[in-house]
Structure formats: structure tokens, C-alpha cells
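The chains carry the letters A, B, C, D and E, assigned in the order they are written, with residues numbered from 1 in each.
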Amino acid sequence: MADGWQLFLESFWPIVVGGLTGTIPLALASFAIGLVLALAVALMRLSKNRVVSGIARFYISVIRGTPLLVQLFVIFYGMPSIGIVLDPWPSAIIAFSLNVGGYAAEVIRAAILSVPKGQWEAGYTIGMSPGTALRRIILPQAARVSVPPLSNTFISLVKDTSLASLILVTELFRVAENIAAFSGQFMLIYLEAALIYWLFCLVLSSGQSMLEKRLDRYVAQ
Amino acid sequence: MSRSDPNNSGDPGRRDDERRADVPGGDPLAPSETPDDSVLLTARGIRKSFGDNEVLRSIDLEVRRGEVVVLIGPSGSGKTTVLRSLNGLETPDAGTIDFEGGPSLDFAAPIAKASRFALRDRSAMVFQQHNLFPHMTVIENVIEGPVRVQRVPKPQAIAEASALLDRVGLADKRDAYPFELSGGQQQRVGIVRALALKPRLLLFDEPTSALDPELVGEVLQVIKELADEGWTMVVVTHELGFARQAADEVLFMDGGVVVERGAPAQIFTKPTEERTRRFLDRILRPLDEDGSDSPDST
Amino acid sequence: SSAAPEASAGASAAGDDFGLVKAGTLTVATEGTYRPFSFHEDGSGDLVGYDVEVAEAVADKLGLEIEFQETQWDAIFAGLDAGRFDVVANQVSINPEREEQYLFSAPYTVSSGVIVVNQGDSSISSFDDLAGKTTAQSLTSNWYELATESGADVEAVEGWAQAVALLQQGRVDATINDELTYLDFVNTNGQSGIEVAATTDDSSLSALTFTKDKADLVTAVDAALEELRAEGVLAELGEKYFGADVSE
Amino acid sequence: MSRSDPNNSGDPGRRDDERRADVPGGDPLAPSETPDDSVLLTARGIRKSFGDNEVLRSIDLEVRRGEVVVLIGPSGSGKTTVLRSLNGLETPDAGTIDFEGGPSLDFAAPIAKASRFALRDRSAMVFQQHNLFPHMTVIENVIEGPVRVQRVPKPQAIAEASALLDRVGLADKRDAYPFELSGGQQQRVGIVRALALKPRLLLFDEPTSALDPELVGEVLQVIKELADEGWTMVVVTHELGFARQAADEVLFMDGGVVVERGAPAQIFTKPTEERTRRFLDRILRPLDEDGSDSPDST
Amino acid sequence: MADGWQLFLESFWPIVVGGLTGTIPLALASFAIGLVLALAVALMRLSKNRVVSGIARFYISVIRGTPLLVQLFVIFYGMPSIGIVLDPWPSAIIAFSLNVGGYAAEVIRAAILSVPKGQWEAGYTIGMSPGTALRRIILPQAARVSVPPLSNTFISLVKDTSLASLILVTELFRVAENIAAFSGQFMLIYLEAALIYWLFCLVLSSGQSMLEKRLDRYVAQ
């Protein structure tokens, strides 16, 4: 067991580095891009235009309905057959952003729908365009409802980035696998990786609490 | 804050300049144009059904510049629906609305979004249910329209808003959130929010319903002053005393039609319709057995 | 370019002719988590292993730079098909299905399969005894097929380590794997309560794997392997990792 | 529907039997006990602050069985907060509340949840903002309490609810959802929902604010009849005519204190406090310049 | 290519069977159990009792913060070391239920918070206990906001069940991997698996639309 302890200590830093150079930048970049995409898709889905909302529906359905692994495969290994060859990192960011776009779109749509209709009307009545009303009146209120589910999406993403090793991106879990393969101590190393993921997620989701607290200030307790 | 804000310029129906043209630092309660008695808004044959329920069955309405039109009538008679139609929040099934210098809408055909927005742009509404923005403080609620939509400089908007809040006794609630306000306080904020826009047409939906009687007097006094200053407005109210004094025209609605219309003196003293008479009767002596209501001290 | 390149250490600059992913560089796919063939020294150090060093030696002979791309088994063939890699060096065993799809170099590993059981389990002493037993196999190897053919119920696992864990926990009766993998395990972990119950008669051949359009490259690689064999380099590498020449 | 519903029995504060004891099929408007003039509820020294804002500064209140207590006062004076404290929705910072046959609460110490529930169980409240259940139809809103909490058989609850809805003119809105109702219709549903519970104490927060004057009369008539039938209630209202006729006691609040209290005749005709006098003055002649308000036709 | 087509056809049914016997029952059972758990955890997190809400916070944080793969491994490979040996299916259902419990708890919590406080008060005022108010008044309204994010959780789960193959449960993706491993046609077979996942998800998420429509009937359009 002393042996296990030493292995644990020796592998800690390499795994953390894998997280800092792979997992975290990949998750942050993809989530940021994915959120913008998701807002657009959510608005499209809410559109009264059948074609527009149909496109959004289809996108959401395909993204949510198929495994992320296959999405990564298609972008990295499938697209070269139609002449598009992307490097691992761009491929990974595109795939994860598209993925977040599909899931987060549904969360944002639900949150927008949860704001009472009277709020849109009050916005229109003071002369706002739908865009301004959305931005100034609806989204700030929708944010309150959507922070916890979006944080689910984000934290899932942090761990899903481990799939990026399939397309040659080295991240936290890949480093752990390397160590596990060498030592054969997969249980110990996987637990260690889990611990490190957890530490990262603690930091990241402290953002959730802060955001929630901030957004709750205008609500009766 | 620049005029090229993409969120604003993206809307073809937006013409801020037409809406508010006041001098910076001027009296916040001055209307944006001088009354001249020309027709500002004409609605003809407005119909609206919700499912099988025919809520408006051909409503005609004419509002002249500087005029105060008061809508009265029993609960469910369609008063709110009329206001909402005038403001473009409800799309009537049929009828026409003409707004002077702006859109001319015929609801027989589908209406372009831009025209609905133009309609809305020219008026401001006080909702029966307040609809304050819960995530903004009182002052933020009030300056949102002037600053974001009309591009009034923020310090000026705040000064004007503060003056208005002061006037309705809410100076000390400036930085409170709506959930921290009593019902009457919320309603006053709703009124101030509309006034701050200085719209061409003010639509009030029972602006005094949640107010205590003392404030009712206060708020009606403000509205009456606005009327005197030449603001144009359509008011749904149950305060007949107010209607009598401030209205240029009173419309009595029931069951989705205008049963009777005319000058307040005529409606309140010589209603021609039996239905109006009954309504007024019931109102003016609700539980009264004796008629003297004033305290000795006056 | 029809002339086969001379299989000499000096045959440089021929890289372009092979249609390589990256001119002048041999791009090699490997798992990096398959000890002792392809793994990281101390877990997080350099990529090493028998297959890795063989590939390096081959590239050296061809006068090419070498670049390893590490990914999972799932992605190795997809990446090869997509032209992301030139060659796979990951103990790919030659079988008829694969030969239909891919080109193989001359084999550089010849080994037998072993049935590994818990010490003292006398119920399995031959492949026939596997009938009705449960084995744990990873999908990457031919051993999966062998286990099925022997009549065993096969549980698919991710790799050798999980298979051993299942065996030790008594959740499976046996696992079939490469003798070399077993030996490496015993070398580093001790006997750990497991032992070999039987060894295959046939041996399995592993080779470098290419797409069908790389015939020229395969020819060159075969020549390089032949030289390496002749120079004793393959035997040396075998000694280094297994204590024996495994290339024949 | 059985009495052993786990959601119900799990709450130690619940004592349905004490709350409603009417005969099936009986008059839905009959109170559950006969008036006998004993004290039902006593509140002493109730204080409540929101942050720095001291909203109630020692309120005393006594309600006798069958009595109607009316709270009047300007907006923001704390009327709603008093009702909410009596109902256990707000926890005062200090003071005591005793409910006859039920809990005796001293807010100086932390209060057990069960006692707060017992308080709530004995009363029903009509909210200023209605708070109807949006996912239930009108009839479902009304029968929810009787059926789910009080275990009244559903057919009986429906019959009683229908009678009440009929009485406030909402028979045809029985199956509508709240969003399909006008403001006044929503308010009437809120009132009916409270009445259907036949509680020992009814708390009304401006029950007529969103109603048209015709209905105000109607609803006040209902409340007055309830009073005559012996129901006990505390009513916040701006309808002084109602207070004058129906109230046994009137409390005038301002700035979180009860400025003056007494029989309506005394308060309305001989208020002893200057503040009360001013309030009443402003109310009774809000915009009046002339005093005659009745149409010729009467 | 004719060859590929034949492989596609031949493998279609086996993969579908893998879905019907592995993926779907696993996902449905875990989601059902997970939802119940999630409701309990959400209520605990909303509790004013610090200890109770602290336990819920910790649970959510660990479940969301660590990879599902490790959770599966701990239950299947790790628990035997403390003497608990579970079969693959029970292990999988426990792990997935616990996982859903963590994610869905946050969604349910957000949805409960989105119902205005006045609704609780109205419930109390007609004599309801908090439990009854929750069940009759709050949850039906919260449902409207939570259907889309819960459907995200569910549909993620459907695909995450592929991890169950790591602990010896045969499901859709395992069948596909088997076929791909022998044929070497990873891209084709994975695309086929994605298609089949998508078909399953289309069926499952038509439930989402129906539910949403039903819950929207009381809201102004």
C-alpha cells in the first residue's frame, strides 16, 4: 500500500497538468462558444416560422440523439473524406461546442418560456424591440432558472472532454489512463483522476453558487 | 448608449424621434407636443374572440390630441382587451386602427410586425397587474425606457424619474426591488414608468385599483394634471368622480360593445340606456342606506 | 517511382513517394496504454515499448522522422482510414477479415496465447475446458475470437488490467491473452494469485498495418524489417522487453 | 381521498376537524360555529422589520367570534403585513398571538413549525395579488382546499363551490384557467377559494381592489352577509362605506402603528387623531368640487 | 461499398437488439429511480437545516464532479474490496441512478425555485402542509420548466449507458464495438449505432413534446 501511496503522489501533478492544459481550456472554450450557439438555436426553436423552428428542432434532435463519441469521430475522421482536414484541437472545440449548443438550447428555451408573458409585454410597452426586451428583460430573469441546469451541462462537458483523447487531444483522463496502463493500478489511478476532476469542478461550480446568489437578490426569500 | 446600438437599429418600426421630443432638463411632466384637437387615434369595428368567447364585438373609438377618454364597465366587459388592442399587444380579428402620423392597420389581413411595433411605440401602458421588472430596482424600472429606447442621457433620465417618484411619494423606495414594495407602491411605480416615457398616448388600466383612497386622490390628481397639460390618454377606471372631472368623453362598455358614450355630464346625469343607468345606480349607492359620508371635522 | 526504394539506411528523401500524411515523417498510431508494447515510462514519461521501438527503428532505416499519435483502439482504424496516420504499431494481429481491408508488413511479433486462471483452479487445463466457462477479453485482440470458438462465455473488458481484476475477484473463470502480456505482468506484480493453465498451439502474428494504397511503403518497411532482423535489432528489442526474441 | 393520506397525516399541526365541521349538503355560506362573543384571536405587541425598515411597531389586535375588524390606512402603512402575521405567513420579530383553542405563540423565541401551521389552519386569506393556482381551472382552484385538505367529498365540494361561483357571477367561468380571466374575475375566484374553506377566521386583503364598482357592491354585500351570518373576519379595505356598515371595529394604521381604533361611527365621525382626520378628509372628497354624484334616474 | 452496405444491413438488427435489451431498460430503470432520488436530494438542498442541505450539496458535488466511468468502476470493481460483490446489472442501475440523482436534483431545485413564493403561501393558506403544497401546487408548475432540462439528462443517460459495457453489461454500443472490432469498419458501424441511438431518442423525446404540450395548456400563448 505504501507503493500505492507513492504512485498516487507521483502521478498527481501530471494528471493535474493534463487537466490544466487539456480539459479546462477545452471545456471553457467549447462552453463559451456553445452557449452563444445555444441561445441562437433556442430562439430559432421558439420562432413562429415553421422552417426556422424545424431546423432548430432537427439540430437539437441530432445532437442530443447521437453519441458525442460519434460526433467527434465524424468531425475528425469522417470529414477528411470530403476534403476537410482539421487539427485535433479545432475539431474537438467544434464538436464540443456543437454538442453544448444542442443541450443548452433546450435549457435556455425552457428558461425563456418560464418568464411570464407580461414581462415581454411590459418591455414592448416601453418601446423595446423584441431583441432589446429579450436582452434586457427576459434573459436576466431566465438566467435565474437556467443556472443550475446549465451548470449541469458545463460540468458534464468537463468530463466529456475525456473523449477528446480519441482524436489525439491529451487531457486529464488520458494522462490517468497512461499511468494506469503502466502501473496496472487502474482503480487507484481512476479514483485519483476522479478526485482531481472533483477539485476542478468544485472551483468551477463555486461560480454557479455565486451567480445564483447574485441572481437571487431580487427575489423574496 | 450611442444611437447606432444594433439592438435598436435592427427594428424597422422604431422611430424614437417621433415619440419623444422634449428638451433636456425640461419639466418631466410636460407633454411632447401641444394639444391641437386633431384626431390622434381612430379605431373602427374592432372585434376579438378568444376561442368561442367573443370578447369585443365591433368597438369604435376616436381619441383626439389632448383628450381624455375614460372606459367604464363591469368586470369582463372587455375594457382591458380594448386597451391591449390599441397598444398592439392583442391582435384583433377584424377592424382598423389609424394612428396619426403612423401606421394605418387593417386587421382583416395579417399585420406586419413593424406596424404593430410602430403602434406600440407611440403609446405607453400601465397594466392592471403592474408587470414591473422584478430584476430591476424602482429607479431602474423607470429609466429603462427613456435610457435604453429613447436614448435620453442617463443623468437626465434619473433626474426626471426622481421628480416623478417624488410626486407619487416613493422617493425613499428609489433603490428597492419590486418584491419589497406593497401593492400600492408597485402600482405607483408602474404609473411612473409609463409617464417617464412621455408617450403620445397614455393607456391606463385601472391605475388606482390597488391604491388606498388617499393615494387614489393623489394619483388621480397627477393624471388630471397631465390631462390639463394636454396629454392624451385612455383610462380604464372605476373612479367615477375622476371620470366626471377629467374625462372629455366617457364610454360605457358591457358584453364587448360600447353601450353608451358621451360627455361625462351627460352619461352620469342623463344616461339614455337602461343598462348604463343600472350600472351607475349600483355603483353610486353600493351599500348605502344613509347618504352622509363626511366626518364631522370638515 | 515504380522502382522499389533501396532498403538501405541511406534511402532518404524517398518520403514523398510513399504518400505520407506528413512528408518526411512517418506518422504512427498507437494506443500508448498497452504495456509492454506501447506505454509511457513511469506512466507519465516518454512513450516507449516494444512496438514503439520497432517503429522507430523502421523509420530510422527509411530515413524518416517519426511522430506517434496516441489514441484508443476504437479510433485507430478510423484514423487510418481517414488518412490521419500512415501505419498502426499496436500489436495488430493478422486475421483474414483485416487482410481484406488492410495491408500488413512482415510480422515482428510471434507469440502464443495463454489461458490465465486463478492459482489452484484445476478445472481448466486445456482450451476445450473453456466450454461453459466465463472469460474476460478485450475486443482489441484475436483472443476474443479464440475464447468464443472454445465455447466460453465472453465478457468484454477494456484491457488486461480489468480482466485480471475480474479474475482475481472470482467474477470470471479465466482470461486468454498474449503470453508476453502475462509475463510482463508477472515480472512487475509478482504472481498475484494467477497462473497459466494452457498455451495455444498456433501462434499469433502481429504486424504493422497500413491502408491498401500504401503498397510502396509496405515494401520499403518489409525491407527495413528484414534488415533489422538481420542486424539483430529486433532480437535486441525482444530481449529488452521480454527477455527473449519474439520476432520469430 | 382516504383520511390516511400520508401527505396529510405527516403534519403534526394539522387538525382538520377543528377547522370545518359543517353538515354535508348544508348551506355553503353558513359559518362553522355559532357566534358567542368570546375572543377568537389576540395579538399583542407585534413587531416586524425588513432590514432597517421597521414596518410594524407594536401592533395590538383583538378579534372576537363573529366580529368584523376593518383595517384602513395609507399605502405602505403595514396592513398587509399585519394580515400575513396573523396567518403565520410572516414571522414577527416580537409579540404574541393567541388563537382560541389553538396555539399560543410568543415570537420572542423561535416558533415551532407546527404552531405556525396551526395558526394558518384556522384562517383563510384572500391575497391582494390573488395568487390563484395557474395550473388549475376555476373550480379546481376552489375545491382544492375542501377536497384535499378538509376531506370533503368531491361532489359536495363541487356543489358548494358552484353555488359560491354563481353568487359572484362566475358560473360560466367554472372551467376556465386563470390566464383566461379578467382582473376582476381572478379576484372573485380568490375570494370564493377562501370562502369555500369556511375557516374560523377570514382574512381579506383588499378584496375589491380590482373589481368594477358594480361588483364591489356585490362582493361587499357577500362579505356583509357573511358578517351577519356570524363569520369572523379581518378585512383590509379602502371601501369606507363598507367599513362603516359592516365593521364592528375599525383600526386606522399609519407608519406601522395603529393610530386610532374604535367603532366605525366614532372613527368616521369623530376621529380623535389629527392624522386620521386628514386621511379621511382626503378620501371622502378626493377630487370633489361638487358633492352630488347620483344620476337623475334614481 | 456494396460490402459496407451489406455489413450495415447485417449489423442493424443485432445493434437494435442490443438497444432494446440493454440500453433502453437500463436507461428507463435508472431514470425512474434517479428521479425519485433527485426529488429527495433537491428538497434536502432546499432545506433550511444546514446539515441536511450540506449532505445534499456534497452528494451533488461528488456525483457531478467525478466521471461516471469512475463511479461505475468504484461500484463494480471497487466494492468487492469491502466485501460487496454486485452483478453487472444491479451495479449499473445503482451507478446510473445515483448519477441521475445528482444531475436531476439541480434541475428540480431550480424548477421549484422558479415557482413564485405566493404559490406556496396560497397553498398554506388553504391549509396545506408543505408536502401537500409541494405535490399539488408547486411540482405541477415546476414540471413545466423542468421538462426540457430533465429530458437533456435522460437523453444523456441513454447514451451514457454505453459505459455499462465497461462493467460487462451488453448494450447497443457494445454490440456495435464488437462488430466494428472484427470488421475494422469503425466509422461505418459507429455511424450506424448513432443512427439507431437517434431513432431511439426520437421515440423517447416525442414523450418530451407531449408532456410539454400538456403542461402548457394553462399558460397564455
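Brief remarks follow.
We take it that a contact is a pair of C-beta atoms (placed from the backbone, for glycine too) under 8 Å apart; a residue touches a chain by one contact, two chains touch by 3 or more.
What you see is a predicted model; the values in this text were computed from it and never measured.
Common partners of chain B and chain C, by the touch rule above, are A. Seen from the Cα centre of chain B, the chain whose own Cα centre is farthest off is C.
A centroid comparison over C-alpha atoms places D as the chain most distant from chain A. Across C-E and A-B, the chain pair carrying more C-beta contacts is A-B. Per-chain Cα centroids separate chain A from chain B by 46 Å. Chain C and chain D, compared by their mean Cα positions, are separated by 83 Å.
Centres computed as Cα averages put chain B at a distance of 31 Å from chain D. Centre-to-centre separation of chain B and chain E, using mean CA positions: 50 Å. Looking at chain B, one finds that residues 129 touch two or more other chains.
Residue positions of chain E with contacts to 2 or more other chains are 77, 186-187, 190, 219-220.
Multi-chain contact residues of chain C, defined as those touching 2 or more other chains: 74-75, 78, 81-82, 162, 165. Chains touching one another form the pairs A-B, A-C, A-E, B-D, C-E, D-E. Interface residues of chain D facing chain B in the complex, by the touch rule stated above, are 50, 72-77, 80, 128-129, 169, 180-185, 188, 206, 209-217, 220-221, 224, 238-242, 244-246, 268-271, 277, 279-289, 293-298. Against chain C, the residues of chain A that register as touching in their complex are 7, 10-11, 14, 69, 73, 76-78, 80-81, 85, 165-168, 170, 174-175, 177-184, 186-187, 189. If you check the complex, the residues on chain B that touch chain A are 7-8, 10-11, 13-14, 16, 19, 87-89, 117, 120-121, 123-125, 127, 129, 131-136, 144-145, 148-150, 177-179, 193-194, 197. Residue ranges of chain A in contact with chain B, taken from their complex: 118-119, 121-122, 124-132, 135-137, 140-141, 215, 217-220. Interface residues of chain E facing chain A in the complex, by the touch rule stated above, are 61-62, 64-71, 73-74, 77-78, 103, 106-107, 109-111, 113-114, 117, 144-149, 151-153, 155-156, 159, 162, 173, 186-187, 190-191, 193-195, 197-202, 205, 219-220.
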